[in-house]
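What follows are several structures.
Consider the two complexes below, in which subunit A is the common component and subunit B and subunit C are the respective partners.
What follows is the complex of A and B.
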């Protein structure tokens, strides 16, 4: 990979982030309600605190340049303001607390879905019309069309409420005390099973369907005929020639999907009351907690841009043709 | 090629003959080969119908005909690389006397590349775009011949050198090579396992004339140096004239005419061969409008009864549309399937025997109807 390619992609990512920061600034200034009005709904917020807020963000000065400069300065130093909803806790801390539960849930879900989906899709596409293709294809399509809460609800009804194997919601047992770290980890894992299954099932359909068509397209390429003519076994042709090539278009799709890891989690998290970014978004919306929302929006955009950058770099590494 | 030559060539093989090889059997003997393609919601296509031919060690045979006449299907069915809807419906393909048609996929893999390798048209698509050419050449050496990686890589570099590509280009990706270089790399790859037969499926079609000439010269040199047996599929009759010992003309899935290149090109017997030759420019002849063949090849889902060329043939007789012509063999080694040459006609030495060897004496077929010769 040449340095120029790397620089080009990096520059594009940085530029995108700058635009996003500006849009984020404008969006929340355009929304109805001012800090003063919202704070007045919360008893216990003194006029002094409101005045302090206005002074800090330059709210009594013009939007551009004063408010913008104040916002950009604060954002650059990692200061996203204070949450209204959580008694003035800094936004970074509020989001930080909720970040890892989401990363673990959706990250693991993506990982399992990618492994299972790509394997299933590759096999189904390679053996088109086989039992695996027909059954797997049908299940994939059904799962693909189901939102997380439709997958999650029956799981809760059967495995949590019915059989009682898993807890219905949360990340830890309420008020539990743990003898050791391992104990706590086990409780966490116990709570993780159902939400993780839901996320995995929700993602696996799309990956398997896309991989199937990618493999089918690759299968008719001339170099696959060459590989077969070389007397390589069917499995080897699939593993060493068809799969790596079919993976190329998948890299972009997966990366874009990974960008929505956080955003996509909302319904899954709400169903299981998982204390992640998703539930935080819903809570912040309901409470008109603009600073927190602003922080979340920035985080979401950032993950999308980052995921795309990673996709470009991985693609450049996998496909020699783009190494310009 | 005499038997003596075949023995010499086989003695030069780097790898032992297949265990089931029949001693004295020719390199390749195809008999009455038919291939059908299943079509969704309709009759199947008889892409190849009763094709027979024979190839001796060290011999080069050209396979020519219009698009869709079954040249490529014939070649692909030798190693059973037909598309999923294609199937050999009858006939035999005997390599060293071993019939490959009843072989299972696993057994078949033993013969691919080690005995019969292929050079495809447009090596850009035939080479894997994300693998280095050296690795692609080394792959069959490593996997099929069980050579260690280092030795396979070394051999791959030698092969590249043999086809005129600097060894250090082994680390290049296909898109980093020119069209001619890619085709050379493809040829190097075809030679990787020291095969008994190399099939070239339009190996020069996608190249410009200068590069085409280089590739043909390369094939010629490899044939001479390595004693390669070659089957060359092409539209380009001049390529066959330059490179091959014998030529087989196919029309609508059947053999129209087959024989030594010189005989067939100087005195074509089948009206289709004559038309095909006259629709090709001759650099030494006067400028003239090229001949075309009116009409188009028949629909192979419902081939016409009788001779398939009859509807387009200037010499068609009533019998042509009723009965399929029998293949007859002339003393000069040419065989023809045309009603103009019925069994027992002057010069005909045998009929209905397709894959037999070339006849002995030079009994020139005397009376050639107007179909013969170039206009």
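What follows is the complex of A and C.
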């Protein structure tokens, strides 16, 4: 990986983040009236809070540079303002409470989906036209076309409300007291099963379709012909030659897809009433809690930009051909 | 295609022939044909829903009682207000497909415009436009849409109407269009880059044709293939996104799209009440339409996009 490649990718990520921050500023100011006037429409906001808002964002001063400077300064120091909905609690705290449930859901979902999706896609692409390819391809396409909540709702009907195997909503049993930490963890896992299945299924379709075409592309490469000519078994050619090379483009694709995963997870959380960023987003939307929405927008866009940067760097590290 | 102009039949004949040739090639793609058939059914439902199920039922004109299971009177049951689910789903086709169509128009217009300009003009314009494209490619569209939609709604007012379309629906259309053009721009640009070096563009340039005219008359017709394939795939994405945006509460309760029906089912607690019929019809419709558009789009992409034809 050349230093130039590294610099270029870093510069792009930084520029994108600057655009995101500016966009956030513009969106916030584009609203009818000032933030203070918006706040005054909320019954939970007092006059003192409005005065504080005006002073905080320099609303009596010109938009550029004073308000912009005040805004950028605040954002850089991690100050996203106060929530309207939660009686003036700082946005960072409101979001912070909801961050880990979403991370666990998306993180584990990605993990399972990557393992299952890549294995299924690799096998289907390698044995093109086989039963696994045909059936797996059909299922993948249908899963790929399903919004996450459309996957989640039938799961609730069958496995929660119907069979009663899993709870229908939440992260813990309401008002439960636990004898030990292990009991609490088990209750958490019990609640996690269906949302996690939803996110995993939502992702598996896309990953297996993409992996299938990545594997198919490697099949015509010279190094595969060479490996076969050496007399390696079919399975070994797949495992040690085709699979690692097909993984390369997947690194980038998985990072780019993260934006969609986040979107899907938001709707999945709503279905299961999972107390993460997704349900918070919907609550904030309904209450028009703009500071919280802005904070979520910043947090999620930063995360996706960073993930893309990491993917670019990993790619540059893995693939010696990259000399952009 | 330019050198053969002297001996080949008149242009119209050639076009007709090309169209027939294309139809033959498309009809050999089973997946594309199946997708097209599904889309035709939904298109007919979307054009004249009242022919099949009568006017859209409201809370006032509801024909059943709350959450009835499917029966002879209500083939797909009723919702919590007693409205017939079949009626809602068929009318939902019109709303979902209209939003999908309009959002696709905006996406493709932006994507094709930016892609053609970026590829043809090159230099600083290209650098700037591609940088913008990169930013939009990385930005999570859906999250941006969630930030943008309520603000637009507050500015123009949810009750307003523009061009006879309710503002809420229009906001969804604009938000989807503005946030999802980047992929199209990238694909079109790479095709334009190779077109630009071709002889017929050079000739047009030499005889003094302006850039604007070259882009419209010489470049655009040669990327129409790509635009068609990309439009169909974008349509799938637009229906998918509309469904998700409506589900989290950005839809219009007075114009129930499939996503809006599913949102109503969720807030009525249908999954927990085992009211599967409330969810089944709109959910199956969304999935069928998205699958169908994807099948047709992939088939078109294989046939029309020179790059993927080599790949597969």
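FYI, the second predicted complex is superposed on the first by the 301 of 324 C-alpha atoms of A that agree within 3 Å, B and C clash if a C-alpha of one lies under 4 Å from a C-alpha of the other, contacts with A are read in each partner's own complex, and residues count from 1 in each chain.
Everything below uses one rule, namely that a residue touches a chain if its C-beta (ideal position, glycine included) is under 8 Å from a C-beta of that chain, and two chains touch if they have at least 3 such contacts.
Given the structure is predicted, the values throughout are model-derived calculations rather than measurements.
K.L.:
So in the superposed three-chain picture, is A:256 touching just subunit B, just subunit C, both, or none of them (first/second/both/neither)?
P.N.:
In the superposition, A:256 touches subunit C alone.
K.L.:
Please indicate which partner A:157 is in contact with in the superposed arrangement: first for subunit B, second for subunit C, both, or neither.
P.N.:
Touch status of A:157: second partner only.
K.L.:
Return first, second, both or neither, reflecting whether A:83 touches subunit B, subunit C, both chains, or no partner chain.
P.N.:
In the superposed model, A:83 contacts neither subunit B nor subunit C.
K.L.:
Tell me which partner A:228 touches in the superposition: subunit B (first), subunit C (second), both or neither.
P.N.:
Touch partner of A:228: subunit B, not subunit C.
K.L.:
Count the residues of subunit A touched by subunit B and by subunit C, then name the partner with the higher count.
P.N.:
Greater contact footprint in residues on subunit A: C.
K.L.:
In the complex formed with subunit B, which residues of subunit A make contact?
P.N.:
So the residues of subunit A touching subunit B come out as 221-223, 225-234, 236, 240-241, 244-245, 248, 318-321.
K.L.:
Given the complex with subunit A, which residues does subunit B contribute to the contact?
P.N.:
79, 81, 105-106, 109-114, 117-118, 120, 122, 125-130, 139-140, 143-144, 173, 175-176, 189
K.L.:
Which positions of subunit C touch subunit A when the two form their complex?
P.N.:
Subunit C residues touching subunit A: 131, 134-135, 137-144, 146-148, 150-151, 154-155, 236, 240, 243-244, 247-250, 259, 262, 265-266, 270-274, 276, 279, 283, 286-287, 290-291, 294-295, 311-312.
K.L.:
Going by the contact rule at the top, pick out the subunit A residues touching subunit C in the complex.
P.N.:
12, 15-16, 19-20, 24, 27, 30-32, 38, 141-142, 144-147, 149-150, 153-154, 156-157, 160-162, 168-169, 213, 216-217, 256, 258-260, 262-264, 266-267, 270-271, 281-282, 285-286, 288, 290, 293-294, 296-297, 300-301, 304-305, 308
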